[in-house]
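As structure tokens, here come the structures.
The same chain A turns up in both complexes below, where it pairs with chain B and then with chain C.
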Partner chain A sequence: MNMEMKKPNEQQTTLEIKNLVIHYISDDEVVKAVNGVNIEIKAGKTLGLVGETGAGKTTTALSILNLVPEPQGKILSGEILLEGRSVLAMSELELEAIRGDKVAMIFQDPMTSLNPVHTVGDQIAESIEIHRKVSKQEALKQAKEMLELVGIPSERSNEYPFQFSGGMKQRVVIAIALTCNPNLLIADEPTTALDVTIQAQVLKLINELRQKYHMSMLMITHDLGIVAEVCDEVSIAYAGRIIEHGTLEDIFDHMRHPYTKGLFDALPDIGARRSELKPVKGLMPDPTNLPSGCPFHPRCDYAMEVCSRSVPENKWLSETHCVECHLYTDTNESML
Partner chain B sequence: MLKFIVKRLFAMIPVVLAVTFVVFTIMWFVPGDPTNIILGNEWTEAASARVKAELGLDRSFLVQFFHYTANLVQGDFGISYITRAPVGEQLLARFPNTLEVVLGAMLFCVVVGVPIGVYSGVKPYSVFSNLTMVAGLLGISFPIFWLGLLLILLFSVHLGWLPSSGLEDGFASFILPCLALGGNYMANIMRITRSSMLEVIRQDYIRTAKAKGVKAVDVVIKHALQNSMMPTITVIGMDIGTLLGGVVLTETVFSIPGTGRLLLESINKRDTPTVIGCLVIMAVCIAISNLIVDIVYAYVDPRIKAQYGAGKD
Partner chain C sequence: MSDVLLEVKDLKKYYKVPKGMLHAVDGVSFKLERGKTLGIVGESGCGKTTIGRAILRLVEPTSGSVIFDGVDILKLNKQEMRHMRRNMQLIFQDPFSSLNPRKTITQTIEEPLILSDMIPDPDQRFMRVMELMDTVGLAERLVNTYPHELDGGRRQRIGIARALAMNPKFIICDEPVSALDVSIQAQILNLMKKIQREMGLTYIFITHNLAVVNHFSDDVAVMYLGRMVEKAPSEALFANPMHPYTQALLSAIPVPRIHNRPERLLLRGEITSPINPEPVCRFVNRCNYAIPMCSKEEPRLMEIEPSHFVACHRVGDLQKG
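For the complex of A and B:
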């Protein structure tokens, strides 16, 4: 394995996203997918990005590789800095060099993420060949080692994706992502498409490998249980904005935003033997026609008159904890 | 795989027999007495009876069919009513010309149509892509004889670049017939390749490839192409039948001595053995091309190969 150990440098920032705005523009509508996202991940740390489907999580993740689907997806403004270098200013050649090498991504659906006509060994080896500039044989040898590392016997490297189960496929996807020892691993709902019994194994695998190689990670999920297990910090996304951000403790024990509270209330409470889920009431707003003011106001139990008029600004409640909500204009204490 | 091919070759036998039966039946019901044509002016009641006995035409339908098939299995296509020569010899002399025209048209269409389809599928919003779609639409709307005549007018009559008929000029004489015959075919290949590429290029595994850092060109060549080829191969194979049908017109327009024209002439002259011979040859061609398509499938898609190996068709 050619994974040289990297010293985690607490000072260094792996990823910084500032004020990112991404819309999908087609002839008849504009989908406002991402509307001013700010994200920061320090070297070796894991950030959880949590939100309902349609919150703009995948779009944000793809923008880090500058892979927002063309031609509708338009990055309208903002900055994406990868170890200080602006991704959006990179040439196609520079982008190809960082994709899969500095930044790798694990996708949501392992059933469709692998090329059906190439062997899994070839698919892993391809990354190595591109970025390590080694011979095909050497790349295949390393690919086999990688397969073993994710718990698949290396003899199976000649098999095709259709010969693997969903969980095994996701292991292959993980192998592809980790094979060049990226500094930043983006995991976009890596377990959502898997059986519950497999989810824990795959999550454990990702977490172990991440720690072993000191990668930074952006863990996208809507599962707060996963966040509690693997993340250092959490950003809560709603309608293309980060409406609350903090450390695990900030969010789990001192949540401030009504939407964050709604997410926690939606969890099944085993202690209280309350079996039915109580999802956040109402629906995700239509991204082509976002509500005025605070995008959460039509669903918010705490909504005030000002909420439909003006967008709440980001407010830092402590060194680590910030929130976008009018409730905290004059106070840092919980209003929930 | 070998087992699969052998099995498929055997499966072709009943298909060809069925085609023979159908053609035989149709020709049986065609009104008119073949001895009229064979004897012409010398037709008398007695002569007709003699010829019928000689050719076995006085026997029942089933006996005749049985005899024909029994001979056919041994490679004997019978004797032409008109030329009195063995049909097999005629086919042998004519069929290579047809094969050259059909394969030429096919090759031309694939070599030109596939890359255009791929490009316009990858860049669906480009001017080029829209132009090819218009061309494709025109391509499928042109009847062969009309396209053929237009090509002759332009390249033979006006420009004098290419011969308008026969095969005496070698390669040059094949160009116009192939173009005329391939017009529809190429348009189909182009359209199907484009739409299949449009579909494949937005699949998740293409995104995975890009996220690995694969160069844009390689994303298309190494990841998208093979996945997008199934529908194209299907069309290439399926439309062989259409090509063979079209070859009748093409050979007529360009005066090419092939099986297509032979078929047309034999139908006009009620030369039943030759008609059946031509059609059986075409049926065998179609069956073989279907087999080739199935074999190619296996090389393009490992899932299909696995199925063949497992003996499930």
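For the complex of A and C:
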């Protein structure tokens, strides 16, 4: 699909990642974490990035703010455009100005992403002070408003993280992320550490705030249930590549890639008891030693001779739906 | 021999903390038949892990009784308990921290066989280890590998092999697949089911993942703040959850489909403190159906339908609609 055709005002692109390659290089091995990822998020939309351990989800997310851990992490090629501006070409000062302001991140574990020796009010105010250049007093006042917004009484702004439960801490983290009204929110497994009833509350909060402020969001998760709940589009990652991408309907109702199907089949269905689950055979590939050709071919029930020889190209099946799989060289119909 | 392998009666485990008594498990009773699986579900702090440990006496229960195969094991002395433990094993959640990093697979699996002196001959013992590795699907070439060389799924297979080494009758599985990716999770669940069928094992399956528990268990018990609030056969519990907490818990699961999405019952607030709880319904502050009675008296677990137990004052009214 032609990405260059940008309609003015309507459908602005918030984030565009093109052909990103990131390896972690040490003396004795090369970890091929990201191997040609393409991602596009339109203004106000939420993209779900789904994959298992080692799929390259978190490395991709870190690269958006140029935070890939150095010196091992190397962005070898590709382009990352934030509202049209190249992140990789920005100076450290420019990057600092957008981190926490235009682009904010929520991490998985609220227990470790807050500073234990500062009050939550101070931690929220810090980001306002830095980016909005207001007095400490004004920042603290705004911090209290943010707390109320995420459902925490503002009187608690003088308390420390240990005085809050896990769900409340994650609300504080969300408040910090949203203080500067970001255009893009990167949420890396934001509810994985929470109990389900609390997860439901936090997801509802994220959804409400996202709509209220018209934010774009990159939601990184391994849970297809969360994707169904909050996302507009889905990218399925495997071994550092996006092997299938589409709207919710494309992926949930018309999945094409054998791995995507495998992910759905492996889930126990809450509504129906089956005696056997259908696991994906084998294991995630070792990123220091990826299989030749399609990285999924050793685990794939549909693998053909060509799959071990060449990496399948990205093929658009419709305006919204694309897949990287040799099964679709000659057809757009489902081969599963 | 009766069909009941395990009977737990009014089991309590309190911890003394600076602010008072923490009621981790507070009067839980149930029976478990041979060859069956009881799923225990609940959120952090509901006491599900403590129950498992109290049954095995890894933590000493405050009061109550645990009758295993006709013997009240809380009355056994250390020696007798040690002997009894051969029949009762535990599989842990985290395959990364529950294995000794300095022992090879073989050493880890054969350790219980050495400690119990069950198979004194080293060659025979090695044969048994190979047999166990085969049962859990670990390739023979891995015999001399260390845990750090293996992925999470394989490590959990070692944990299972170690638990099976003593030919137990009963295994408590504490979140055995929570640390694993979904594609691997399904492999381990299938393996555990296969072993149960072949060896006639009885399981207690402790988890926070309701989809997994429905798939895996015959009966499911739901815990809230140390109390069992509902227990029923899996089909009944998932088709007709009666306790307001169970209803909210089930509706909070994000369902991986985009059509016919169920309506969500959102709970207010969070779990309250388990320290010195008042003798009232522990769910009252978050319940959408609470009446004054609920803040006065603690509801007892009652059989509302055959085999379907619920502890709620309002269950009668709610069932009528």
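Here, the second predicted complex is superposed on the first by the 320 of 336 C-alpha atoms of A that agree within 3 Å, B and C clash if a C-alpha of one lies under 4 Å from a C-alpha of the other, contacts with A are read in each partner's own complex, and residues count from 1 in each chain.
The rule is simple: a contact is a pair of C-beta atoms (placed from the backbone, for glycine too) under 8 Å apart; a residue touches a chain by one contact, two chains touch by 3 or more.
Keep in mind that this is a model prediction, so the values were computed, not measured.
In the superposition on chain A, contact of A:Asp109 is made with chain B only, not with chain C.
Of the two partner chains placed around the shared chain by superposition, chain C is the only one that A:Thr53 touches, whereas chain B remains out of contact.
In the superposed pair of complexes, A:Ser135 makes contact with neither chain B nor chain C.
Between chain B and chain C, the partner in contact with more residues of chain A is C. Once the two complexes are overlaid on the shared chain, A:Leu267 sits against chain C while remaining clear of chain B. Touch criterion met: A:Glu229 reaches chain C, while chain B stays clear of it. When both complexes are overlaid on chain A, the residue A:Pro279 reaches chain C alone and has no touch with chain B.
Residues of chain A that touch chain C in their complex: 52-53, 165-168, 195-201, 203-204, 222-229, 248-249, 252-253, 262-264, 266-271, 273-280, 283-284. Those residues of chain A lying in contact with chain B across their complex are 62, 65, 67, 69, 71, 92, 96-101, 104-105, 107, 109, 112-118, 126-127, 130-131, 160, 162-163, 173, 176. Listing the residues of chain C that touch chain A in their complex gives 43-44, 151-153, 181-187, 189-190, 193, 208, 210-212, 214-216, 234-235, 238, 248-259, 261, 264, 266-267, 270-271.
The part of chain B that touches chain A in the complex is made up of residues 125, 202-205, 207-216, 222-223, 226-227, 300-303, 306.
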